[in-house]
Each structure stands twice: as C-alpha cells, then as structure tokens.
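Both complexes shown next keep chain A, but they swap its partner, so chain B is in the first and chain C is in the second.
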Partner chain A sequence: MSGTEALRGTGMGTGTAHGTGLRAWVVRRLLLGAGQTVAVVLLVFALTEALPGDAAVALAGDQPDPARVAAIREALHLDRPAHERLVAWAGGLLHGDLGTSLASGRPVATYLANGFGPTLLLAALTVALLIPVSVGLGVLAARREGRFADRLISSATLGVYAVPEFALGVLLVTVFALNLGWLPPTAVGYGTDLLAHPAALVLPVLVLLARPVCSLARLVRAGMIDALASPYAAQARRYGIAGARVRYLHALPNALAPAAQQLARTIDWLLCGVIVVEALFVIPGLGTVLMNAVAERDVPVIQGLAVVFGLTAVVLNLGADLVARRFTPRAAVAA
Partner chain B sequence: MKPRTITARRGWGRFALALLITGVPLLIALLGPLFAGEPGPRGASFTLGGGHWAGTDFVGRDVWRQVLLGGRTVVLTALSATALAYVVALPLGLMSALTHRGWLEELLMRPLDVLLAVPSLLLILLAAAVFSPGAAGLALLVALVNIPDAARIIRATAAEAAARPAVEALRMQGESWWRMAVGYVGRSALRTLAADAGTRLTGVLYLVATAAFLGVGVAPDAADWAVMVDRNRTGLFVQPWAVVLPAVLIVALTMGGNLLFDAALTGRGQRRTPRREPLPARKEIRT
Partner chain C sequence: MPHAPLDDSRFPGLRRRGFLAAAGGVAGLGALALAGCGGPGSGAAAGGDGKPRRGGTLRAAFAGGGASETLDPHRTNLFADAARAKALFDKLADQGADLSAQPRLAASWEPNDGLDRWRVKLRKATFHDGKPVTAADVLYSYRRIADPKEAFRAKASLEPIDLKASRAVDDRTVEFVLKRPTAEFPNVLAAFGAYIVPEGARDFDKKPIGSGPFRFVSFAPGRSAVVERYDEYWDGAPHLERLEFVIANEESARVNALLGGQVEYAHELNPTTARAHEGKGQVEIVRLRNSAMQAFAMKTDRAPFDDKRVREAFFLIADREELVKGALSGAGEIGNDLFGKGYEYYADGLPQRAQDLDKARHLLKKAGVEGLKVTLDTSPVAAGFTEAASIFRDQAAKAGVHVKVEVGSKDTFWTDTLDSGTLASYRSGAMPIESHISQRLLTDSTTNATQWHHKDFDALYQQAQSTKDKKDRAAVYERMQRRLYAEGGFLVWGFADWILGMAKNVRGVAHDAPANTLDWARFDKVWLA
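Let's look at the complex of A and B:
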C-alpha cells in the first residue's frame, strides 16, 4: 500500500475500492446506454414495419390505389425479408443515411435539417432557464418553510406539475394573446428564424418550463430543508459561517442530488413537451415534422425522427445519471 | 412548533379545496353524459348565443353538450390504463424483489431498464402511426409505457420490505411464500404504492389527454375534452368558450387530482417532506 493511496483514503473519501466501484458503475451504465440504443433502433423498426397484413396496402390509406401500393412496396423494399431490411436500414443509420420520404421522395435528412433549428432553440432556452428558476424557487421555499411564500410555491408547483402542456398553453394564449394582446398567439408567419421574434417564444418556453420547473423545485425544496436541518449545517453555523455561505456552498450541493436524479425524467417530459408545444404554437420544428409524418404515414420520416428523438433521450439520460452520480457518489442510480 | 389542531385543520382545508377542484370536472365527466340529452340541430360554426349558452364548436354543435359528453373517455381511459399498468407491474416487481435467483431478477428487470429511456409520448405516437388505435388501444399503449417505471418502484419498495428482520423470522417459522410475499411484504409496501398510484394516475391522465390532443386514439370530431381544445383552436378568437371550457376542466382535473392525492397521503400522519422539527442546536443558533 503506497502513501498516496492512504492519503487519498483519508482525504476526499475516494479510496481505491470506491474508485473501482465507480469505474465499474460507469462501464455498466455505458453498457446499458448501448443496450438502450440498440433497443431504440429495434423498437422503431419493429413498430413501424411490423404492420399486420400487407404493409403497403395499410400505408396507402383508406382507398388503396394500386399504383401507390406498388410505389410504397418498391420504396420500402417490402419484397425483401424483414431481417434484410433491418440490416440495410440500420447500416444506413450508421452512415447517417436515414432513407427517403415516401410522400415527397426527398431524403429524410433534409427534413431533420429543416426542423432542427427551432427545436434546438426551444430546448436550449428551456434548459437555460430551467435550472436557475427551479433552484431559486426551491431555495426560496425552503428558507420560508411553513410560511406564506413556501405554502404558495409548494401548492402552485404541486398543482401545475400534472397539467398537460396543451391545456395550460391554450389558457395562457387566451389570457395573454386574446384578452391582453401582449403576445402573439402562435408563431405562424415567423418562419424558422424565431430568434428575430422573441415575443413569439415567450409563451412556448413558459409552457415548456412549467412541468419540469415544478418537479425540480419541489425536490430542491425538500432536499434543502433536509440539508439545512442536518448536523453538518448546524456545525457550520456554530463555527459562525455566514448563513448565505452555509446555504449555497454547504447545503445546496447536497440538496441538488435528488433533483439531479430527477433530471432524467425531466428530459422525457421536455421531448414530449416539445412535440406538443410545437403543435400548439405552430412552430416548424422537429415535433411538427414528426406529427406531419404521422398524419401522412410517411414511414421513413417517422423512423428517422423516432431514432433521433429516442437516441437523444438515451444520451441525455446517460448524462443525467452521470451527473447525479457525481452529486451522490453513495446512492446507486439506475443500473 | 405549531399546535397539532391548526396543522390538522389546515390539512382538512387543503383536502376540501382539492376535493372541490377535482370534484367538478370528475362529476361532469362521469355524470355529464346522463344530462347531455339529444343532439340538437347543428348551427353555424363558432357562434355565440342563439340558444347555445356556451356557443357552438367548429362544426356547429352545442359546446355545452360536447363538454358534458367529453370527459368520460378521458377519465375512463386513464383509470383503465393505470389499472392495467399495475396488473402487469405488480407481479413483475414483486417477483423480482422476492426471488433468490439473480438471473430471474435480471431477466425481468433489465428489459424494462432498456425501455425506460424511450420517451413515452414518442412510443405512443409511433404505435399510433401504424395501428391507428381506438380508446382501448390508447389505454393499452399508455399502460405499456407506464409498466417499466411502476415495476421498478414496486421492486425497490418490496425489496426494502423483504430485507427486514421480520421476513427472516417468518421464513424461519416456515411460513409459506405466499404469506410472506402478500401478507407481509405486499402490506408494508402498500403505503408507497398508494402514493405511487396517485402520481401515476395524474401522469396517465396527462398522457391520455395529450395523446388525444395530438389525435391518437380518438376520432377527429370526437366528444372529448382534449379533442375539443385541438379542433376548436382555430376559432379561439371568435368563440373562446369552445376551447376554454374543456381546457379549464382538464387543468382542474389534473391539478386537483395531484393536490388531492398529496393532501390525502400527507394528511394522515406522515408527511412526504419532513416538517419543521427544530433541533435544539439549531434553535440556539437561530436566536
């Protein structure tokens, strides 16, 4: 046993045993991520291609026109066995080839490229606001525990937590666009360059933020109350360390642990929320592209978008778990 | 520390308020169809007044009648989806918590871990694109996406209960597996499961309504609150009631549901967030 090891053991609490434990955990988590990636690809393929009966007839719509059925059969290579199609499709994915649309004959990649900007903008704005707002609300409620501000924040976050985005959004549009006339009701007419029209982004981002903020703020509040009542916070106060310093440097990092674990769930909500919000505010992003493809039963476009959404979720989940693990080395998170 | 009576009274106040917020949409949803009456003649689209006190919708139907009819599908689909999810998740979770065979647990839970990463609405949309499901299909899909998470929570709760000394004692007394699993482990996990069922029901309600809003599992002109919001949006500036009424009912149902479950579960004894119980040391420092 070398001196450095002993030192590490007494110092930061990262002994050798713990170090290998962490490494093993990261490897396991990465393996799970790889498994999830494969599962997403298989699931998307199975769901969209495992049509009962003749897929081409089913996809051609209510009045199957023989020419269209033949075209679909040709485009999807339905004459080949399913496993060959899966291999060809998955092989294409590896090279970034997502196939071509049934409806327009354009490559699926162009659909993605067109919708990417607005969706990324929405997601980036939401995430940038999500963490400061939810931590702020949670800490504020925890500081005023049991008093009016806390009761207000706790009830509001609990209430809004489960409200579907479309209902909340439509009510906000009624108030802010119809009654008050402050904000535009939809993003119609602004094209994909939404950054030039910030007013059109206010309501979508607000609606997108609602649920994740509520869930994270509640967890931060609960964690903060626990942390502030803990012996180490009391000890820090006994040393005469300033209240704000105890709160933000000592208690907050521990209070964030459960919130970090919840981040993964939040990602699921954000991906779903983006689809709804884009439909509601007519924003030409990936969600709108997906909904149009679903309406037209444009299988290659649906597959491509589903893979992109699914893999985004897998990667972000992986990241959230790694972050959560960083905050709480002791608690074993997923896998 | 507050006197117990005040906390208790506040608990009852919250409970009553939550009950009121949930009760109105729930009553309309369940009993509304009884009072809806026969469909009247269709009027012009998006008008106000003219015998329709809440106006007409996008195809000229009476909005109030549609509101009375439109809650039942949302509520019943959500209830059956939640029940269905537990029917599968309960045996899965209990079995993997109580088994002594590591491979069986892995076999049961690993596939669910893999599924957990797929966004739930995406899965529903994908299936909907191909199968065009009805209300029953939607309930099935929503139940399906809820199984992984429910099974994980059940497994974690049951595993904790199964590791207690009491189970050891039962085993040494030679009690049957069934008595241990259902009689002890199941019973001690009940409280956590009740809390989970509450949040899950509101989550399912959210998914069902959102899917219906996006056109999954419903006819385009169905009497359904979520469909009403979607289809009448075009007339929002002419006839807001056709959108606002169903939207408010959905908000009240989900919001009230969450408040109700929270009040019901925290009101009796335990609280989910620890109440203030000032440690002596902390008090000293404060003053």
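Let's look at the complex of A and C:
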C-alpha cells in the first residue's frame, strides 16, 4: 500500500523473453502471477489466524460473556479447524464463490463490489491527472536542467514528497473547505454516487496526487537527462533531426520505462485502498472495507480482498513490463 | 458487526467505529407497578426554544460498523445501530435520564404479588405497514432474541423470562411468566436491543418495518440510512420530514462535516474538539453527563487484590481530579468507586473519597505488601484508557507501588481481561444500577471482571428483586453499594461526558440524557429552526 515510496525498482523480471515470443512470456508471467496470488492468500490467511482473537471475540466486544462468545463461534463455524475452513473457502472460490462475511452474513462479493467503485473512481481520476502533470513537469525540468525552472521543480517535488498524506489532507481541508469554504470538507453521505458531487473529489484527488507526482516527475526528469546525453540522441542530432523530435520520440520513451514501473506501483497503491484518504474524506472504498474486516477478524472478507489485491498487483506489473518492452525493446534483449 | 459498545479510541490513528455503551439490564427489580401511565419518556426535548417547526431534513454523523452494518434491531451493537434502531423501532420500555424504566410501547405493567408474573398492556400503536402492534409481535420478538441458536446481545437481559410459559392474554395484553421474582422487570423491557418487530420479520436489509417514529427509505451499510416521518406514530409524528444517518468513523471527519455544513448533528466528539468550538458561535456543543463510567477493575479473587486492605489502598492512591483532567481532558466528573452517579438508587450519601497516600502506604504495610508490583492491563480500546493508566502508574509510584502498564489489542481487550490479569482498565456505558450488579457482580454473572463472588451479596440482590416496595428496595441497594464502596473491586475514578456537536439551527436535543437512554440520539422531538 505504499508503492510510491519505492522510487526505483525492477519489475518482476523483464527479461525472460528470449526468443520464445511474447505470448509464451505473457503466459509464463500469468502463471507465475497466479502462483504469487495463491501465496499471498495463504500468507494473509495464516497472518489473520495468528492475530489474537477471532470474529466471535470481536463481535462480542465489551460484553465478552463466554457463553455468548462460544455461541457465536459455533454459529460462525469458527470451532472447525483452520485448515478445514480454508479448504471450504478455496472450494467455493473455484466455483467463483468468495464466501460470506462472518460479521454480517452477506456475500463477500458485495463487499468488494461496493468498495471497488469509489476506489476505482479515485484511482482513475488520480492517474488521469498524474500522467500528464508528472511527465510535463519531468520533461520541463530536464529541458531546463540546472536552471531556475529545474531547481524550482526539483526542490518543490522533494518538499511535497516529504509531507505525509494525512498532514496534507488536514491542511487542505482546513484551508480550502473550512476557511475559504470553496470545497466540501468530506464526501460524507454521498455514498457511491461520488461522480454526482465532483467538488467533493477535488481535495482527495489532490492529496492522492501529491506524492506520486513528485516521484514520477523526478524519475522522468532523470530518465530524460540520461537519454538526452546518450550517444543515440547525439547521433540523432547529428543527422539534423529537430530537437523536439529527438526529445519526444527518442529520449522520452527511454525515460518512460522506469516511470512505467513506478506508475504501476502507484496504481496498485491506489487500487488497494488508500486508507488515510478514505478515512479523512469519508470515502467508503476498499481501504475502509479492509480496516473494518481486520478489526472484525472477518476472515472471508480479508481473503477476498487478498485475492483482489494479489491479482491487481500481478496484472499491473505485467502491464508495466509490457509497456517497458514496447518503449525500450533493448532492455528485454539485453537482459 | 463490530463490536463493542462504547469503545472509542480516537484519533487520526484511524480507529474505527464508536461504540456503544452496553446496556442490557438483566433482571430488574423495579417493582413499581406504574399503572396506566402513558407518559412519554422523561424530559425529552430539552433545549427547545420557541415553537417546533415542521419539516426539513436532518443529517446526523455517527461512527459506524462499515459494510457489515445491519438494520436488524436485535443485532444492535454500536451507537449508530442503536440510533437507527430507535428511529425505526420501539421497545416496550426505555430508560429515562436517571436510568429508570419509562413505558413506551407498553402502556402499563403490573406484577402479581410474587413478582414473578407480569401483565404488560400495550398501547395503541401501528407498524409502518398499518398493522397494529400486538401481543403476538411482542412474543415473537422476544423469542427471536432468546433463540438459543443465535447470539443476540439482549438474550442475556431477557434470561429471567420463561418465554415458553408466557402468553398473549389478548391482542394488547402479554402475560410474562418469570423464572424467579424480578422486581426490576421493567428494566428487562428497556434492555438494550430488545426491540419489537412484526411477527415473522426476519430480513431487515430490504425494507424493515417497525413501529418507530420514522419509516424506512433507504440503507447503504457503512454509508447512510435514510428514514422519513411516520405520520401515525403513537407518540406524535416527528417534526422532521427526513432523517439521514451518515457514517464517518474519523472524529476529525465528523467535525469537519459539521463545520462545513454537510451534517447538522455529529455524535461522539473529542473533549479537545469540544473545547475548541464551545461558545465560538459556529456550532453548539452538548455534553451528556454521566455517560461512561471510568474505572480500574481489580480481580478480588487473587493476590494482591484478594486482600481488601490492598483494594482500599488503591482507592486511596487515585487522585481522581488529576485522572479526569488528564485522561478525559476535563470532560467528565470524578467518581466515588460506585457505578451509576446520578442514576436511580445511587448511594450519593457516601463521603467522596480523596487521595490519601499516607493511609494507602499504611494499609499496604499492614497487608504485608510493601514495594508491591502490579501489572495494569490497558488498551486504546476506549478514549483515555492508556492515558489514565499512565497517570495512575505515576500516582501509585508515590505510594511505593510499582505499576507496570501493559497495552493490549483493542479488538480483543474485553475478552482478554475478563478472567486473566489482576488489574485492568474498565469502562461502562449507562445502564440501571441493578443491571450493573446482575451482569457483573453476582457469582453467576456473565461478565464478572472483578471476580466478585459473595454468596451474601448474591442473597442481597435476590432480596432486592423480591421486594415490592420501592423504598425498601432502595435500602437494600444502599447496603450493597456500601459494601462495594468499602471493599469492592471497581476503582471508579470518573464519569465521562458524551459529547455531541450540532448546527446552530438544531433544536429539541436533550441535554440531560446519558448515552443509550431514551432521549439520547432521539430525533422525533428534534426540529430545525
């Protein structure tokens, strides 16, 4: 959930495609991803089981009448051994059944579906703004390397990156919602119908954008500077190709390869529930679902989220690697 | 659904939900035969100035239970659940500001001489589908709650009732047969979560039907619930046209929504927030006194607290003013080692205990435990818990007692500390004093956190429950409380306010109703100026 932290990193093995063709590579990656998802789900199950207390204890709360706890445990089948519960759940999963929540008895699928809407909306808006803004800032800074614009962008991005989301959120709410009254402070009561209240989305999206813009812009800038200083850029210039063409058709794609990996990680972070922003602005997305499920020891819901988060990470990383291959085929060949 | 009542750790740390002060009075004494009495609940509608205006929508923000929330009134657990249930449903009785039972759907109740058979007459009321509320609905509701296969919260409270033998005398009269004399039976009728639903009702997610002041419009678990005025409500149609409950788990979000005009009512605010906005004119702050008892529970069946001199020494170690100021940010008042300050039957004649370190040291010396080392279990499960624990640690050090504070998981704290450990943070929401005793201080109590097992004390309780005259019963309660004051296991150091924030145009919100009582979160008497 903190994908933006990593400013650098490798994808999951960009270079396995020696001569076997793209399709085989994708299939292998998907199989590997499925295995990773299974591992994640097993790990999450084990960790949840290792937490003190179970759903019955959480449900009993401050009225821990032992008879009541035992009754709840029996009603929820928590008295069955952990591996039996896991097998039963996995069996359901094979039929596309994610099971039902221990806390409410409702299908886990509705939990995921309801939480996914707001999360997806926030992620989509953030990414739609993130790419042009960060690439634009990165390219601008690279073009003015060492000059005022570059120094301004570089120091501003470093500064903003250092501000935690919660602090930034509180600051923005205080200034723009409470003092100036321009925007609503929260999205409380808007439910899933957030699109009907675009003003309520401005501050959350700004908070979500802040740090990813900084990390991406800095990556693009560094990549551009490297690429522009490279022999092939110099060669292109010797051929008399226009500066803009060199910059955007030759240098930029090279700068985007590392940025694509970082972008995938950012999208992953956005889709897996940005708890702080959801809590601060009262947006009931996947992060909120996860928080509640863990506190309730609602294992089926946690498992369902683990599947979704695992698959999201696999698909996004695969997508990023495909993009990287497309932009910089050299990387695949060389690897 | 999550947990516990009256929980409230707070702060950015993203806690979730707010909780409920448990209630659930088990058996009650209560003799009073309260005949006829059609009075609506106690002092509702305080703070109302001017003539109520009809119409408008009020949005109320509560901490909630996320996507697991339900409108099933028998699954009521959190404050948000209770507020929604109260809008849609009624109980036979509910608790007044002093926690005494007030008739609601019951028009009257009358015991036999043995106090083990009660005739409850229902008032003329209708469900939202127009059908009358009948004795059959009452029996169905109580039997559903008591279903052995289920774990409804009110089940323990209804335990005194023999539901097999109880019957409908006619459409509007129920005869409850009890397993033993229960003078405080009306407390059972007012138990937390003991709502009356139509016979056969099972699914409350789609379109729940109740007899409450508002009827169902829509519900999105963890987000919002919308209800609208029920014109035929027996206690007079609400002033509001609509009422919307919205969920915001972060206290800061509730405050911001209130300040930004997105809600008109915000439940459960921090004392620091209250102080920042009190009297500033932007919003109105309401403090519901005596809403949450704050205590340390000493296990009286094991060393070192099996020696009553040690317990008394601990009573004398506590500087209650400092605890209220530090752990509750001043939002509350000091306690006197007894539950239920301001409630019916509270023994307020006992001298207020104050810190006396010399006497504490002396008592510890006599008990032979100088240089005592104790572990205090606490957890961020409720507001002020960890703060109170560290303040008490420092106070104890002055009496030569070494207290080690151990912070546990907030999701499992109550279960963890029920039987284990020796000293733990404790708090309780409002409930009748009799319920507090029956749930926590009898040998067979289900949540006896101080492990207080005394046959003679049990006998006193049974005596009170078999005493028809209220004065005589009060005398028995006084005896029991004297005993607890002298050597009980609860070091009750304070009572926290429950803090609400409201827009300036909200009128008719009760200012004297502890959380969980009838007039708390009661919106049918509220109006917008």
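Following the convention adopted for this analysis, the second predicted complex is superposed on the first by the 251 of 335 C-alpha atoms of A that agree within 3 Å, B and C clash if a C-alpha of one lies under 4 Å from a C-alpha of the other, contacts with A are read in each partner's own complex, and residues count from 1 in each chain.
Following the convention adopted for this analysis, a contact is a pair of C-beta atoms (placed from the backbone, for glycine too) under 8 Å apart; a residue touches a chain by one contact, two chains touch by 3 or more.
Here the structure is a predicted model, which means the values were calculated and not measured.
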Should A:Val173 be classified as contacting the first partner (chain B), the second (chain C), both, or neither?
both
Using the touch definition from the top, say if A:Pro185 reaches chain B (first), chain C (second), both or neither.
both
In the superposed arrangement, which partner chain does A:Gly146 touch: chain B (first), chain C (second), both, or neither?
first
Between chain B and chain C, whom does A:Ala279 touch in the aligned arrangement: first, second, both, or neither?
both
Can A:Leu32 be said to touch chain B (first), chain C (second), both, or neither?
first
Contacts of A:Asp268 with chain B and chain C, given as first, second, both or neither
first
Does the superposition put A:Gly115 against chain B (first), chain C (second), both, or neither?
second
I'd like to know which partner A:Leu43 touches here: chain B for first, chain C for second, both or neither.
first
First, second, both or neither for A:Ala210, with chain B first and chain C second
neither
In chain A, both chain B and chain C touch residues 51, 58, 166, 170, 173, 178, 185, 275-276, 279-280, 291, 293, 295, 297
Residue ranges of chain A in contact with chain C within the complex
51-53, 57-69, 71-72, 75, 101, 103-104, 106, 110-111, 114-115, 166, 170, 173, 177-178, 181, 184-186, 188-189, 191-192, 275-276, 279-282, 284, 288-289, 291-293, 295-298, 301
Complex contact set, residues of chain A against chain B
32, 35-36, 39-40, 43-44, 47-48, 50-51, 58, 145-146, 155, 158-168, 170-171, 173-174, 178, 185, 221-222, 225-226, 229, 234, 237-238, 268, 271-272, 275-276, 279-280, 290-291, 293-295, 297, 299, 302, 306, 309-310, 313-314, 317, 334-335
Sort out for me which residues of chain C touch chain A in the complex.
1-7, 12, 14, 16-17, 19-20, 22, 24, 59, 61, 65-70, 77, 148-151, 153, 155-156, 205, 220-224, 244, 246-250, 252-254, 256-257, 259-260, 262-263, 381, 409, 411-412, 414-416, 418, 428, 446-447
Could you pull out which chain B residues touch chain A in their complex?
2, 14, 110, 113-123, 125-130, 199, 202-203, 205-206, 209-210, 213-215, 226, 229-230, 233, 236-237, 240, 243-244, 247-248, 250-251, 254-259, 262, 272-277, 279, 281-282, 285
